[in-house]
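Right, I'll just put the structure down here and ask away after.
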Amino acid sequence: MAHDHDHHHDHDHGSELSEMQLRTRALETILLEKGYIDPAAIDVLIETYEKKIGPRNGAQVVAKAWVDPIFRKWLFEDGTAAIATLDFGGRSGNHLVALENTPSVHNMVVCTLCSCYPWAVLGLPPLWYKSAPYRSRTVADPRSVLRDFGLELPKDTEIRVWDSTAELRYMVVPMRPPGTDGWSKEKLAELVTRDSMIGTGLAKQPRDLK
Amino acid sequence: MNGAADMGGMHGFGPVVPEQNEPVFHADWEKSAFALNMVTGVARLWNLDAFRFKRECIPPAQYLNLSYYGLWTVALEQMMLEYGIATPEELAAGHAIAPVKKAARMVTAADMTTMVRCGSPYNRPAPAPARFKVGDQVRAKNMHPKTHTRLPRYARGHTGNIVRVVGCHVFPDSNASNAGENPHWLYTVRFDGRELWGADSDPTVRVCIEAWEPYLEPL
Amino acid sequence: MSGHDHDHHHHGHDHSELTETELRVRALETVLTEKGYVVPAALDVLIETYEKKVGPRNGARVVAKAWVDSTYRARLLKDATPAIGEIGYAGRQGEHIVALENTPKRHNMVVCTLCSCYPWPVLGLPPVWYKSAPYRSRAVADPRGVLADFGVRLPKDTDIRVWDSTAEIRYLVIPMRPAGTDGWSEEKLADLVTRDSMIGTGLAKRPEDLK
Amino acid sequence: MNGGQDLGGTDGHGPVQPEPNEPVFHAEWEKRAFAITLAMGMPGGWNIDMSRFARENRPPGEYLAMSYYQIWFAALEHMTKERGLVADDEIAAGRSLRPPKPVKRVLSPADVAETLHRGGPTERETNTKAIFKPGDAVRAKNINPPTHTRLPRYVRGRIGTIERVIGCHVFPDSNAQGAGENPQWLYTVRFDSRELWGDDGDPSVAVSIDAWEPYLVPA
């Protein structure tokens, strides 16, 4: 690999920054001046996705599925309806499908064509999810991608990759770690990481909680 | 189109590099870029498929060297020009110069709250019964439209199984070209990794895509 | 298509790149020379060869000879490498040449989608457009669209054969001889044979095109 | 590898722009980069397939944003460093900092013409018989090696016809990895445009590639 050369990974936005700052400011000003947007709307949006909606939503779904067998069954039958009862709703969550990880099947979610992601339960996607390495390699060689995350699965585990090519949004329900019997939903939710709901990680172990 | 957006199965991009404690946005301009795209979508200046197509049309050499929100911004500028929302002079000046061409529909904070809650569903009443059922074997067509499509290159020509009948949805291939919503049945199709990547590939891998009925043919 | 008003890197000789690359090339050349891996005079001979000596004029002579000498034409189409060797052209990037005959029914076009394979001994080094992403991506999928970029429009029923040089074979297109050239010398005929006509993105000039 | 170099059938790169009166080289450094690359083949000890892989093996965005001779030069730097002929600090200093490694031969000015004339023939003697003959229907295998191959993505899985049996030639897929020349029969295979690009393909177009026997199976 020619890794000694300069790369342009998505996260080197330093060089673009000042130019992009100017360009977005120009657009925003024009749209404001033409009356297409209300500055307060912009603030609501940023506030919503920066502060309110995030993987904590998804973690609540997973924790509930771990303790409540009826909810769990419903979640896998009709993710959209089951999740709606938790009142997140929202954009890019209209057709949510929950995927069950088991000792024999591990699910992973990608969008090779753009960056489709279940915003309603996970918030906005991290940079790596939108990056070329992830989008290119996950469908062809998911195990090597898992290795980038330090995760090595048993050789005979079936890996199911879900390429979100349409309006369906996927969330992975990771396996419940052992040693968590009798835990409350709130405490269980702390074990559920964002990556475990994308499929690039597993839920935390009890000992991982400080 | 077979553009830079269609990355599935490409080599050479290097490792996936997760960022520790990644913030939601990496700069203030990213917040604006994000919000501006939401707002222009709700204002129905154009549809989401048309906006996706515009992003894919960015020449690959440029596409692959832009950051995520950089892509959004470049595409947004293009859309504003193409749909007559702004002129090149206005983009350069950073101010409105010409009067508004279309009647502006002001998007308010309340609109945004509704949008965040309700989203924008894409399912539609079915004009005809679904052609395939769960378990059917299908082949993804070998098609190479120059326009927007959601059928990735790596799946084309390959055989898989229907694992879910999702419903009847807006067809992005026509919606992106402003040729109407033209709803079609949507399916989840599962492919064996070896079918997609050849006999040497990992036998434990399966890949699922969503495919509209016009992408598929029976076996 | 959109996005054309943005910066492109088509030709890649933007001035901004020059200084940095120039410095790096000079540094590497100096290091290699000091270590004795390369001899500067050998570099000069190489540059001189491909800048001044080897070029499409070679191919034009091959084509002109094929136009006037039917036995040569037959030898060329049967096994081009020795036939081209007869005129004295051979060597690097031309070890295995195949000649392709254009006819009223069939038009041949050559591309290398994977890199930039090109018959150096008869055409010299390839032009920038031949190595560019637009040509390499579109020639196999939409050759008529590419021909339109060159202002060439072929009849609808002409078969177009695209040759993607994916291995060590190098292709040379033999364009059709223009009408009104009966009795012309090989030298004069060679003036009609353009580089593009031997790649398949052009046709041979007509007599009226010569000033 | 499915890298930036595998451009056949990809969209969005814009029109082909022939340059009137194009010079052979566009800058002094291009001449040097070109000539050093040719001259170093001998002392460097690499083969053409290794050079090709060194050129294509980089992030696609980088590949597509680099000019032709920049790619050549980057590969040259990479290969000279990989073989310990030069080091980063020497390139940074612009001069040699340590004694050279012994090499087989250095190209002298007097050798240039003869070396170029001889070229690098790839045909090899063989005892094996070609499996296919002209007229045979073959399918290009669906292979996706991350290493060097000369089977472009756009023909994989598609059916064509053997048009010519070329001979037995060095197999680049193995030669690029330093795994030996492993000569294989080489064929010209013709594909119908509609087979490659689907029903919208131009029926008057056919595309031929040169394919080594291990790329093909009977159809």
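Chains here go by letter, A, B, C and D, matching the order in which they are written, and residues are numbered from 1 within each.
The working rule: a residue touches a chain if its C-beta (ideal position, glycine included) is under 8 Å from a C-beta of that chain, and two chains touch if they have at least 3 such contacts.
Predicted, not measured: the structure shown is a model, and the values here were computed from it.
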{"item": "B-C compared against B-D, more contacting pairs", "value": "B-D"}
{"item": "Chain of greatest Cα-centre distance to chain C", "value": "A"}
{"item": "Computed distance of Cα centres, chain D from chain A, in Å", "value": "40"}
{"item": "Intercentroid distance (Cα basis), chain D paired with chain B, Å", "value": "34"}
{"item": "CA centroid of chain A to CA centroid of chain B, Å", "value": "17"}
{"item": "Per-residue overlap in chain D, given as positions that touch at least 2 other chains", "value": "9-14, 56-62, 64-65, 144, 196-197"}
{"item": "Multi-chain contact residues (two or more partners), chain A", "value": "1, 7-8, 132, 140"}
{"item": "Junction residues of chain B - those touching two or more other chains", "value": "9-14, 56-62, 64-65, 144, 196-197, 201"}
{"item": "Topology of the chain contact graph, where touching chains are joined (line, ring, star, complete, other)", "value": "other"}
{"item": "Interchain contacts, given as pairs of chains that touch", "value": "A-B, A-D, B-C, B-D, C-D"}
{"item": "List of chain A residues in touch with chain B within their complex", "value": "1, 3, 7-13, 16-17, 20-31, 33-38, 40-46, 48-50, 53-54, 89-95, 97, 112-115, 120, 123-124, 126-128, 130-137, 139-143, 145, 148-149, 155-168, 195, 200"}
{"item": "Residue numbers on chain C that touch chain B, as the complex places them", "value": "1-9, 133, 141"}
{"item": "Chain D-touching residues of chain A, taken from the complex the two chains share", "value": "1-2, 4-8, 132, 140"}
{"item": "Complex contact set, residues of chain D against chain A", "value": "54, 57-62, 65, 74, 78, 81, 88, 144"}
{"item": "Of chain C, residues touching chain D in the complex", "value": "1, 3-4, 8-13, 17-18, 21-32, 34-39, 41-47, 49-51, 55, 90-96, 98, 113-116, 124-125, 127-129, 131-138, 140-144, 146, 149-150, 156-169, 196, 201"}
